[in-house]
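Beneath this line is the structure, given in structure tokens, with notes to follow.
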Amino acid sequence: MSLDTEAVQQQPATAAQPEGAPQEWEPRIVGFACNWCTYAGADLAGLSRLQYPPSIRLIRVPCSGRVNPQFVIRAFQRGADGVLVAGCHPGDCHYSTGNYFTRRRFLLMQNMLQYMGMDPRRFQARWISGSEGPKFQQVITQMTEDIKALGPNRKMRDVE
Amino acid sequence: MKYAYYPGCSLHSTGIEYNMSTLAVAKKLNVELEEIPDWNCCGASAGHTTNHLLGLALPARNLAIAEKQGLDVMAPCASCYNRMKTAEVAVKSSPEIRAKVAEITEMDYAGNSGVKSALEVFLKEVGLEKIKASLVRNLGGMKVAAYYGCLLVRPNGIGMDDPEDPMTMDDMITALGGEAVQWPFKTECCGASLPTARSKVGLKMVNDILQMADISGVDAIVTACPLCFVNLDMRQNDLNKKAGGNFNIPIFYFTELLAIALGEKPGKVGVKKHFVSTAQVLDKYNLK
Amino acid sequence: MRKVGVFVCHCGSNIAGTVDVEKVAQEAAKFPNVVFATDYKYMCSEPGQQVIKDAIKEHNLDRVVVASCSPRMHEPTFRRCIQTGGLNPYLLEMANIREHCSWVHPDKAKGTVKAIDLVRKAAAKVVKNEPLQKSSINITKRALVIGGGIAGIQVALDIADAGFPVTIVEKEPTIGGRMAQIDKTFPTLDCSACILTPKMVDAAQHPNIEIISYAEVDKVEGYVGNFDITIRKKARSVDMNKCTGCGTCWEKCPTKVDSEFDMQLGKRKAIYTPFPQAVPNKPVIDREHCLKFKTGKCGICEKVCPTGAVDFTMEDELITQQYGAIVVATGFDQFDHSVYGEYGYGKYPDVITGLHFERLVNASGPTMGKIKRPSDHKVPETVVFIKCVGSRDEAKGKTYCSRTCCMYTAKHATLMAEKVKGSKSYIFYMDVRTPGKGYEEFYKRTQGEYGAQYIRGRVSKVYPKGDKLVVRGEDSLLGRPVEIEADMVVLASAMVARSDAGDLARTLGISYDKDNFFTEAHPKLRPVETHTAGVFLAGACQGPKDIPDSVAQAGAAAAKAIGLLAKSQMETEATVSQVDESRCSGCLLCKSICPYKAIDVKIIAERVGGKTVERQVASVNKSLCQGCGACTVACRAGSLNLLGFTNEQILAEVEAVCL
Amino acid sequence: MITEKMRDVAKDLLTKGEVNMVIGWEKGTFWYNSTPVFITKAEDVERLVFDEFCTNNLAKYLLDYKTAEGKVAIFVKGCDARAVNRLMQDQQVQRDKVYLLGIPCGGMKEAAPGTQPQATEGLPLVEKCQNCTSPNPVVFDVLLGDQVSVRDTQNRFAAVEKLEALGTDEKYAYWGEMFDKCIRCYACRNVCPACSCRECAFDGNGLNWLGKQNNLQENQMFNITRAMHVAGRCIECGECERVCPMDLPLMAINRKVIKDLNELFGAYEAGMDVENRPPLGQFKLEDPEKFM
Amino acid sequence: MKAIAKTQISELLNQVAREYNVLVPVAGADKYAPYTPGIELKLNSRTLLPPKDVFFPQTEKMYKFSTDGMEGSLDSLLTTPKPQLLFGIRPCDVKSIHCLDHVFLSKGFVDEFYAAKRDNTFLISIGCNGPAESTCFCQSMGINPQDTDEVDVHLFDLGSQYGVVPKSAKGEAFVAKYAALFAETTEEVPAVAEFTLNLELDGVSEKLAQMFEHPLWEEVSRKCIGCGACTYLCPTCHCFDVSARVAGTQGFRFRCWDSCMFSDYTRMAGGHNPRPSKKERVRNRFLHKLQYFPERYGDSLCTGCGRCLSKCPVNMDITNIIKQVREVDLV
């Protein structure tokens, strides 16, 4: 978010570029990653030097079951162009059952956001295990492309 | 109770007894049968081995006609039954197949009308209880081996009975007052067309079945498939001549025994048309 | 106002190569609450850590952000570092600018922008970090072992030898389990009883081991270190204190019952011990079959008992005891092959399973070790073995490989050759899997020396023909159908979970897989632990296992239990859930979501409008909480918060990355 | 007549001291309002009425008397009874501390403000009663009156389906216009029997879930979160929508959640009993798998 | 008196819109909103939402701030708005503005954010010839529903036309400026129709002063659900909270409406709440309206507009409460 456009320009390119240069625009995707699978998967992508767009900002949580749907709305409010919630595959949860609750919550949340008029491509949930570095890369790449096609998010956004 | 009747080619030719006895049983049990108008080949043998889609389209056309009649189909022949069941399942489970089949046959078969074997219609739908109540005579303890062959009960979950140890006909034999001999070759392969095409192989298969029946001490074998019937009935003479066998086991369609027990005269249901004479055994058990 | 220090690591060129680390430090210095920011070549190195410690002193830092590699790598390192620097270790946050940035974003400008964002996120979070403390709980120095088979016995002996009291709870009248039924063990062919019974005796005589046989775990309460366990001692009808195990009663008992131990191939009495070397070697009365219980008449055993130990009025007894650790070693059942029509649906008496074969070949078995087939007691000359019965079969059985069958079938074929000279064994197999020391050699011997004929293929049908069983199958190597006229068919039935495994899992609060085997905490790294702290697994209850593996796992489980019991106190997670009691309405929706049963109800008293009222709130047991945070989302009011990952911290991160 | 029975039973309960309070309805300012009333003295029972304007769901008042001595009696229509179950499942009400006087409900009516008194037969049903699935109390101690039959509820999800059919931007525009109107008076929350929190996440204490600004974005946060918090717990009493001074179509949000939950995780009706737990508090291994 | 045909109102508004930001009562949204030609006006009654947000918006940014290292800056966001014209307010709402003026402009303190908008607003009111809604009771609160003096121009409802009366010097100028649209009329202002809701306010304020501890509050508050509908719809409720939004190194401070009916309204930082239950909160609201404000400013803080009565989910009826207060026997 920026409340003062001058300040934004001093910090190079942290915020969305002005409309003049759409090809330069890098979406901002907030990702919630469980520590045991997806965060590790992202680490593995790094160890394997798998390149993907610098659009994603991962927030580490112990379990995808820790992710409150309100975090997702807040991210959109503050200017996220996309939000990703990612955790262990069903059956792999470090805490046995956390991701099953995640699955229910965010299936519902996805439908709700869509009902409210958000494009479903802006909110995604994925299972990415600690061994799926390439999948992490592919998911981020795909999501970034999808959101680039959609353009900057204006919906629910509470900042300039 | 009313069904669209699909006799198929066998019941109009080599399996004429099956047709006669089926119609007789239906009449006795008040099952109305309306032959499917303008029916065509079920797609067995040559059809489905030539082209998969043809193998589905042929039976689907018959089913589509029955669907227009608003009736389920009764197909006594095991091959016909198997082909129609295959088409029914395929069309129900895949909209694409349904569309393709509709394109070929120019009739949309939605899968609303299904197919039942004569065994299912008489022994399950009408039911053994009703049959028992309608019996005019019983088999008097005749030792009968139920022979199902391969097509009625397979594949697992789609066929009409347990594929390893079916009991439908056995239960009927018991209900008719016979002794259902438990033998291991209920679903053994009869050789199908092999006795004709590669007689050495095929005849051995028939031989094994007859031999097992013999060891098991049966008076007769009962079947529900025209091809099984032909192999078991017609090949006994062959085996006796060529392989030095000594078989004399009468083979019945289950409908023949059922019709007789329900009071039909044996002659009316075609038992005199068999290759292996049925006279002695019917005599022995007072079923003339 | 916090005083945050930011330390940006070059990681040699790993980070500095594609991220402008100096620029990151410069920008970080401008973040709110950041009073110091610097960069260094290797932050994790000794001098790097010294940079942090010095800065804490010099700038009075109260929070630290290290921007370097993944926290999964070096979080413990830097926590220790700031702790020695004088800060609580939880006042650290890391920004992962290596795995998540420099290594994946080659564009230096863009990478630098992202690195700045990640540092801003960490700085925003760390401002809201609070000092956290691990807490500790007392440990009751006693272990419970559920199941007295070889795994349970081994666990008990190991823990007892380490000096801790152990209780074995065994469902059957005797310990010994499956191994006691087995004749010989592969690959050495030593007698199973000869190596098992001494261990049974050791367990019985060990001063630290208490064996409670004919008993089951009824209820489990409490948590790691402090389990309150209720054990149901089933009514034995024999007073263990008075009985001397003389055997008069079972000699005189008039009622013969099919012996479970002998797989229904032999008989036992209604008052019985399962086998002669039983431990404890004192009988129980099988009330289902005992005439006294069925008809009220008889009572012979009572009359003949020289010590007056028989007590028909005995009732189930519940005893409660506190334990620090639980090891589950409940073993396995054998797959019921009656689902297989091709093998005759269990109707042919001479189609038997591996365990039947063990009893037939066992010298103390119903046939005195002479192999006779069940139907007519003829000695079989030709035996067909069929492997993978119930295992590796998605359609009718289990998907998994049962692991032991290849070896025990080879053993059976060997025993056939040894015991019935001139006999012929055919073995139908899908694959031969012999991954164990000496296993492949054993298999080769079975094939070579002992002449067992291995046929690769499945059996399509077994049917009786005269007094023979015809086994029809396919030799898929020759591509030909095969028919063998056999005298007996032995099915290598799969090992499956105990039929009541699900019930026990629910009692213990542990999880189980689709096949009802108990689930280990991690398939590779925590193979003997469960998700429930303090509950460990040994033997085939966790998955099919042979004796060596069961014993090895038993040792491992014992070591874990000893590790727990050796401490008088145990440290627990610092990042646990916390209840704000003033907000909590006590709806307890959180309770059912917690996988660790860490949330319970608590009654608190409050002053409201001048009077004291009681109300219920949720309460988190810090010893059990593993910090997953599922409860925090279930709590609509936000009364639950996860320390270290609080709502405030995560929201701060969200806001920071969106700036 | 129900009103007579109400008064008799209330009088009886209060006189015998079985309860300390009876919660019911009395006539309000206008002939077309009936409003909650709290009777503590037997002589006041004549204030009680039951007519076609007893629209208010009374169950939530039980929270006010959670720690009170003795029992409280409360009149419950179908929706009120489900609300009581809801509160019991949330462990906010103890069954043995309430006396439930069930009233089968034929649906509530509304008259245009300012009109003269008229026969109620001709009046329209209020919105919230039009797709009522449970007009009969599902839990009660005594039932006053005969059970009534369930009205046709096939239009229950009609509004939802209509909105679902809109395009993404149309949906956003529609809800934007709605939430723009929201004045955040929290009437919807405060009246809701599924909003049983001691203190709402959106109230006070610097938790920072919701900014105090009244603007579209904060209103979206509030309204979406409210729906998610009552997900699987909404008993469809329609009170939120009824009390909204800005006439926001809140049931079109609640019913969307109900519809989705039923489709995704199997049929579930909140508040029909205390035993069946809400769908978001549980899971099945075979739940729909979309996150691949 | 001068008059304008009702059909000419849109012409008048079109013309004044060149000079002012014109705010009109809008049907549908049921509030005051910027005028655009063709917009559907609600001229037969009061709006659901009162006009108070014209001067006192529900959310109002006040200051912005930022830091740069150890340097900080603070800037006011007060701006002088373009002259605006508030058209069609009713005498009850005129009275409410009068009350807000007391709060924001009197007793030695001037709220510059309020004042900036108030000073720049030209008021045109429309009289009611009787109760516009079944919930109206302004007459009982001492308001003449037909006429008011505290505006610039007042319009009498004469059926097909409005009688136009300037009430201030600015008003005189306005009437003169748009004289072309006004014709002379001799039509009489009709008699005020009878109100269905009536009450006696005499002595209530004084009586309430002795009723702080009276059990009545316990009784009347029982059915309140503690929502803020009454306060947010009330034309005179003016409580606000000041809060801030911070993002990194910058942020702004804003004020927004608050409601004394909310449980956390008086909660202090340490968690203590001097008004812990709805009894205290309901009591405060009515005492504020009927005792405290009259004591301080000599005016009732209730104008009898009836909005709270029409929208209260549980029919909390201020007229009924006043009646109950009057019936209380103080011994």
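Side notes on the structure shown:
Going in written order, the chains are labelled A, B, C, D and E, and every chain counts its residues from 1.
Convention: a residue touches a chain if its C-beta (ideal position, glycine included) is under 8 Å from a C-beta of that chain, and two chains touch if they have at least 3 such contacts.
Quick caveat: nothing in here was measured; it's all calculated off a predicted structure.
Greatest Cα centroid separation from chain B: this falls to E. Across the structure, the highest number of inter-chain C-beta contacts is found for A-C. The mean-CA centres of chain A and chain E are about 45 angstrom from one another, to the nearest whole unit. The distance from the centre of chain A to the centre of chain C, with each centre set as the mean of the Cα atoms, comes to 36 Å.
Inter-chain spacing, taken between the CA centroids of chain B and chain E, is 90 Å. Each chain gets one centre point, the mean of its Cα atoms, and the points for chain B and chain D are 63 Å apart.
In chain D, the residues that reach two or more other chains under the touch definition are 199, 201, 205, 209, 215, 280.
Each of residues 1-2, 69, 74, 78, 97, 101, 105, 159 in chain A touches at least two other chains.
With touch defined as above, chain B holds no residue shared between interfaces to two or more other chains. Listed in rising order, the residues of chain A touching chain C in the complex are 1-2, 11-15, 26, 28, 30, 35, 39-40, 42-43, 45-47, 49-52, 54, 57-63, 65-69, 71, 74-75, 78-80, 94-98, 101, 105, 137, 159. Against chain C, in their complex, chain E makes its touches with residues 67-69, 247-249, 271, 276-277. Every residue of chain C that touches chain D in the complex is listed here, in rising order: 582-589, 592-593, 608, 613-616, 634, 636-639, 647-648, 651.
The touching residues of chain C, when paired with chain B in their complex, are 340-342, 345, 395, 461, 463-466, 470. For chain D in complex with chain C, the touching residues are 66-67, 90-92, 196-201, 205, 207-209, 229, 277-278, 280-282.
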